[in-house]
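What follows is a set of structures to go through.
Next come two complexes built around chain A: one with chain B, the other with chain C.
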Partner chain A sequence: MPDTAEARQRIRSLLVELLGNDQFVSRVSDTESLRTAGLSSHALVGLLVAMEDAFGFEWQDDVEPEVLRSIDSLAGYVVALRN
Partner chain B sequence: MALGLDVPAELAEGAWIEWRPVRRPYGRHQQSAAGSEAAKAALAAAGSAERNVSRDPDGRPRFPRGFAGSISHTERLAVAAVVPGAEAVGIDIENAVISPRVSEFVLRERERRTLLPPAGRYTPRELFSAKEAAFKALNGIGTLGEFLFWQIELSQSDDMLIASYGGERVPVWVRSEAGLSLALAIRR
Partner chain C sequence: MPNYEALHRLELNYLDTPRIPTRDGVELYYESRGEGTAITLLNNFFISAPSWRVFTEELARNYRVVSYDMCNHGASSHHDEEPTWEEHAADVIGLLDALEIESTYLVGTSVSTALARDVALRYPSRVRGLVLAGPVLGPRGMRRHRQIQRAWLRTLEDHGMAGLYGHIYPEVISMEMNEALGSAGFLGLRESFLSITTAEDLRNGLTLALQGDTSPELLAHIQAPTLVILGDDDNLLSPTGGKELAALFPNGRCEIMPKAGHVPFFDDPEYFQELIHKFIQEAESAAHA
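Then we have the complex of A and B:
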């Protein structure tokens, strides 16, 4: 079961795999809005799908937009699911 | 194709659409700059004296009052639409390959069954782009609170798609050519 720091790191790794380089990951902070930082909607959905596989869960249709805002909020959601 | 896609005359009536290339090295700042240039050109064509588009803290473009507009870009191309007097506008261009997994995530079962072939005539990328354009337009109304673009529902209506969320609707037109899809949602 990942703690928040492990989940953050795994999400960063998924973004690197998804984008094919670490340019975005190296400049985005844990709390910064991923969309405002320049992550496309297509890449965001790709990340969410990759998270389902990596962490073994399925996103609910009614997930709150705030959960998807940043690496920190995504990691917090994953950890809360497991606890 | 010169730069971008042509919009049919019936839809383009009263809508000003401008395309601009993204300059090298095609980074975030160049993409944003190309979007701003396209927006300025569309505002100028639409007759707006104010041609600067500021950004809200969340990154959403803020067009001059009375000139509803929207901006989108890929890595290499930017487009802006301005529709004077419209309540809200959303435009989206997309060149990504939409995987079956992403398609399943973004489209509901009914949407996949009725809008994708063989029953429907749209590609997953067109529907992805349609939801993005509709999201920008419906978000521009400002009464729906926070929601996610894939929570919008698409249905067929004559030659257009109708996008719905929270009791609000907006028609969306889509077209594709040479690996690029364009979606335009105008709520007049």
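Then we have the complex of A and C:
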């Protein structure tokens, strides 16, 4: 069961796999808006799908927009689900 | 066959290009791709000029494809008051003048099909043809569309942008696409939606959408060749209604896109572009016959 730091690191790894390099991950902070930092719609959807497999859950339509804002908010959501 | 590949490649980034001045103080963001006969794309209030790129790539190989942001929307200049439909129509002509486009095909989507109609009525010599995708125009009027737009406006005021997205998504997105994209797609596209526009721009746009002439009789005055493109899963207009609408134009016809929703190029941009390409070829042949 991941803690928040582990979940953040896993999400970063998923982004590196999706994007094919670590350029985006190396410059985005944990709390920075992924959208503002330039993550494409395609990459975000890909990340959400990859998170379902990596963390063993399914997204629901009622997730608030704030959850998708940053690596930190995504990690917090995963940890909260597990707990 | 829908595969949503283009939707996944959706681009929202603006280019660093000069704005086009049209009316007093108005400057429009625009993009122009390709060469040849012009196709001018008219945004509805939920999309932006850059978002057309992935849905018109094939057209840009054969035509000059122009997209722009309407005044008070996207990256175009913002002013205290939302322009009237007449001013938006004048902006289209100002854009064409600045780009030295004598006449163009207009592609409208949803609410901008009403703008396409208005431009064709006011400036017939500048319009070679109309493509109306998921029209808000109805064969007997626009009552249903007005009611839906008013409900969207209330949702925006009461529940904000995310609430509005949750309201419009099942109404404008086809069942096929909704199931295919799942919750990850729903949530990911919401992020795109939230970055394309603002609550203020949308409030102004949806308020404007409640205004203007709704008479079907106007359509009989449009001589330009007109193609209605309608998804057969468009909740706002039935295929029968689309065919009746096309029949009101002196030179109109309707093409139905299977399983597509209110924004049919989301579902199958390849087929959408094929339909437009074929329509323009036929219209140009007739014009030169």
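Assume the second predicted complex is superposed on the first by the 83 of 83 C-alpha atoms of A that agree within 3 Å, B and C clash if a C-alpha of one lies under 4 Å from a C-alpha of the other, contacts with A are read in each partner's own complex, and residues count from 1 in each chain.
Simple rule for what comes next: a residue touches a chain if its C-beta (ideal position, glycine included) is under 8 Å from a C-beta of that chain, and two chains touch if they have at least 3 such contacts.
Predicted model, so just to flag it, every value in this text is computed and none were measured.
Peer 1: With the two complexes overlaid on their shared chain, look at chain A and say whether chain B and chain C clash or fit.
Peer 2: In the arrangement built by aligning on chain A, the partners chain C and chain B clash.
Peer 1: Between chain B and chain C, whom does A:49 touch in the aligned arrangement: first, second, both, or neither?
Peer 2: After superposing on A, A:49 lies in contact with both chain B and chain C.
Peer 1: For A:60, is the partner it touches chain B (first), chain C (second), both, or none of the two (neither)?
Peer 2: In the superposition, A:60 contacts chain C only.
Peer 1: Following superposition on chain A, which residues of chain A contact chain B and also contact chain C?
Peer 2: After superposing on chain A, chain A residues 35, 38, 40-42, 45-46, 48-49, 59, 61, 63-65, 68 contact both chain B and chain C.
Peer 1: Tell me, which parts of chain A touch chain B in their complex?
Peer 2: 33, 35-36, 38, 40-42, 45-46, 48-49, 59, 61-66, 68
Peer 1: Sort out for me which residues of chain B touch chain A in the complex.
Peer 2: For this pair, the touching residues of chain B are 28, 31, 58-59, 94, 96, 98-99, 101-102, 105-106, 128, 132, 146-151.
Peer 1: Along chain C, where are the residues that touch chain A in the complex?
Peer 2: Residues in contact with chain A: 7-13, 162, 166, 181-192, 194-195.
Peer 1: Flag every residue of chain A that touches chain C in the complex, lowest number first.
Peer 2: 35, 38, 40-42, 44-46, 48-49, 52, 58-61, 63-65, 68
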